[in-house]
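The next part holds the structures, each set out as structure tokens.
First chain A sits with chain B, and in the next complex the same chain sits with chain C.
Moving on, here comes the complex of A and B:
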């Protein structure tokens, strides 16, 4: 189902949570709403679900105005960050809930419900847990059951609010791939909220970067990462070094784009090593520019490190900043400047 | 409890605190109860049997359990409602209503009894409204139920209120995204969550009602076979210096109450265990 969000605004008392947002979500898309906390991404998601009312604007589902439609009629599957599984029901009963509460006329028979629930349990690979209670499950299992429960009512849109936020890193990694696979199988319009740029880049077809209740940029992971429209998007999507020059103009560069050499070359800048730490296959080096005294971080892979290293505190290196990006104050086009 | 390989505890004085608990419970509860049973055994078994199967005693047992049960059920329903209103809505005077709930605890029960009798007597404010349609409240089991409802009111409100306060809205929201309407959300999601707390409140109100004396003696009229409750019968026996008889009746009362509370607690424990196993 395609969703069109037209000039939507929402405030909580004095606080303006969503400011005049416009967004077109094509049917079958896998979209990430990415932003820091307080950027309005969860509010926007809840408005699509109907859990939050609109102050102004409209939300259309497949061209039909859904702005004032009650939640239960929207056919959305919603997955909460803290799972919201019903504690007094078994896993089976949790998944069957959406089918059991249907009006008598369209309610499937007991046998049909049972088959559907077991199909879903098989789909999320947790058939053996049917008779357990939520308190007996791990976080990752709970989130999979929450998804199965949402899918039981055959929603046309799947909405996930920080679905992996409460899970540990390893489980999170697994579930990312798993959710991506599920989206590919079902091809259902999916919108998920996250503050983790890596998660958004890894999973989504389209990333919507939000800040202070507004959309900063909409684009593919490639577009938003390599062609950010402004400094906020650039800074939010990865590690970044900031340099302020004499005209008070700020230029940015990502740590992995800085080339480090043992000897001076072209317009490279001498820098002193402050700290070296290796993170798996990468080595992060904190340096101090000798010309401006600015601190910055460079990131190189282990092979490269073996070429120039080993390094210790106080070693002198030459850094070239070939890819510095400057955003004009009001300008939205990225400019590439060469030092 | 008596684990030999002692795990590290935050409070090291397990022996001391456990000892204190046992001594305290013994002094306050176990020893007096044991003496009660001991006193009852000064009668022969046939005497005890005769005392407790006396028609008047049986009638008062039935009346006490019946009226206490009805009062506890009424409190379970309306206490939950009051807790709901106090938690879910904001209205002027909410703090006062909240404070009013505890009043039955603070008021001497005899005062409550006299006040209720004055109002519900055939010529009282409310009693006179029912008199023409042939319903008498004071001096009948209905009056007893009203007094017992009054004294048991705070229990259910105070046990349900915190649970309702902690109830996370996301469960209601999850149910509504799955297509449930508000009636279904209440009966399938909210009520089952509150049920253990309602049950605790019910058990407390029920137990309190079984032993209530002060407020009931004024409103019940104390007619043998009709409106005479067990605690009154016990006092009557004591006034006739029939200590052993009083102890016998009290012992039977205690056994029944204990069984009932045990069953309710067991039921509640089963529910809690199901939901909270880690």
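Moving on, here comes the complex of A and C:
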């Protein structure tokens, strides 16, 4: 199902949560709404689901105005950040429930419901948990059951609110791959909210970067990462060094784009090592520019580190900043980009 | 106290008489409990709970007139003594041609009372269920009524068991007030027997012990019910 969001706004009391947002989501797309907390991403997702009303604007599903339709008519599956499984029901009942409460005419038979639920349990690889209660499951299992429950009612759009936010790093990693696979199998329009840029870059076909209730940029992971339209997007999508020159113009560079050498080369800048720490296969080095006295961070892989290292505090290196990015005046026009 | 004990020790026949009264009064009192106190408690509690759920639903509904009716009802019942309510129903209503027998009068009075008090417990329990449970219900296609009936009320009922057990225990004891509108329940039997032999301390103490035993047995039932409902609550 394709979704068109037209000039949508929403405020909570005095607080403007969503400001005149426009977004076109093609059918079958896998979209990340990415932004810091308070950027309006969750509110936008909840508005698509119908869990939040609009102050103005319209939301169309396949060209039909759904702005004022109740949740139950929207054919959306919603996965909540804290799962919101029905605590008083077994896992089987949780998944079956959306089918059981359908009006008699469109309700599948008991046998059909049972088959559907077991298919879904197989799909999320948790068949053996059918008779358990939610309180007996781990976080990752609960989240998969929440997804199975959302899929049981055959939604045309799948909406996920920070789906992996409450899980530990390893489970999160697994579930990311798994959700990607599910999207490839089912090919339903999927929108998820996250504040984790890595998660967005890794999973989504399209990333919508949000800030203060507005959309800053819409694009593929490559586009938003390599061609950010403004400083906000650049800064939000990864680690960043900021250098302020004499005209107060700010230029940016990512730590891994800084080349470090043991000897001077071209217009490289001498810098002193302040701190070295290795993070798995990467080594992060804090340095101090000797020309401007500015602090910055460089990131190299362990192989490269063995070439120039080992380093200790006070060592002298030469850094070249070949990819500095400048965004001109930090003007912030509301973006009305459409995919 | 000392005089009372001395009078018993000094007079062995007095002791025999007391034992005999205690024994012979036990049966009529238990009969009062089985025929009136316990049925009155159970019927009233069931009717009262139905009334309480309806009142709680009215109070949290979006329909203004229902809210107002529910508020006035709860306020009026909680703001007036139970004994006065019973007297109005049994002694007052016949004045306008509405004569109700003692037992039905008691059922009406106590049910209205439980309905008001328990409605506040149930309302709080409903409001304590996280918003996400409602939203999860809506998102799989449920209406307000379906979500309320199948998702919210079952969970709210678990939350309300301990406070409602309290209400229930109070109700058992409060049924003794029915003696004042001529229901021949347990305490009225004690009063009647005491009126013939003047052994007030003995008979009223005996009644107290019987109430205590009934409440004790029922509170064991409460523990079991909680344990049963606990199996699916988040730890």
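Keep in mind that, in the parts below, the second predicted complex is superposed on the first by the 329 of 339 C-alpha atoms of A that agree within 3 Å, B and C clash if a C-alpha of one lies under 4 Å from a C-alpha of the other, contacts with A are read in each partner's own complex, and residues count from 1 in each chain.
By definition in this document, a residue touches a chain if its C-beta (ideal position, glycine included) is under 8 Å from a C-beta of that chain, and two chains touch if they have at least 3 such contacts.
Keep in mind it's a predicted model, so treat the numbers as computed, not measured.
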Key: Fit-or-clash call for chain B and chain C when the two complexes are aligned on chain A   = clash
Task = Once the structures are superposed on A, label A:68 by its partner contacts, choosing first (chain B), second (chain C), both or neither.
result = neither
Query = Looking at the overlay, what does A:82 touch: chain B (first), chain C (second), both, or neither?
reply = both
Query = A:101 contacts which: chain B (first), chain C (second), both, neither?
reply = both
Ask   = Is A:292 contacted by the first partner chain B, the second partner chain C, both or neither?
value = neither
Request  = Please pick the stretch of chain B from 7-15, 25-33 or 61-69 that overlaps chain C when the two structures are superposed.
outcome  = 61-69
Inquiry  = Output the chain A positions appearing in both contact lists, the one against chain B and the one against chain C.
reply    = 49, 51, 70-72, 76-78, 80, 82, 84, 86-88, 97-98, 101-102, 133, 135, 149-150, 152-153
Task = Using the touch rule from the top, collect the residues of chain A that touch chain C in their complex.
result = 49-51, 70-72, 76-78, 80, 82, 84-89, 97-98, 101-102, 133-135, 149-150, 152-153
Query = Along chain B, where are the residues that touch chain A in the complex?
reply = 168, 170-171, 173-181, 184, 188-189, 192-193, 271, 274-278
Task = Give every residue of chain C touching chain A within the complex, in rising order.
result = 130, 132-133, 135-143, 146, 150-151, 154-155, 158, 231-235
Key: chain A to chain B touching residues, read off their complex   = 49, 51, 70-72, 74, 76-78, 80, 82, 84, 86-88, 97-98, 101-102, 133, 135-136, 149-150, 152-153
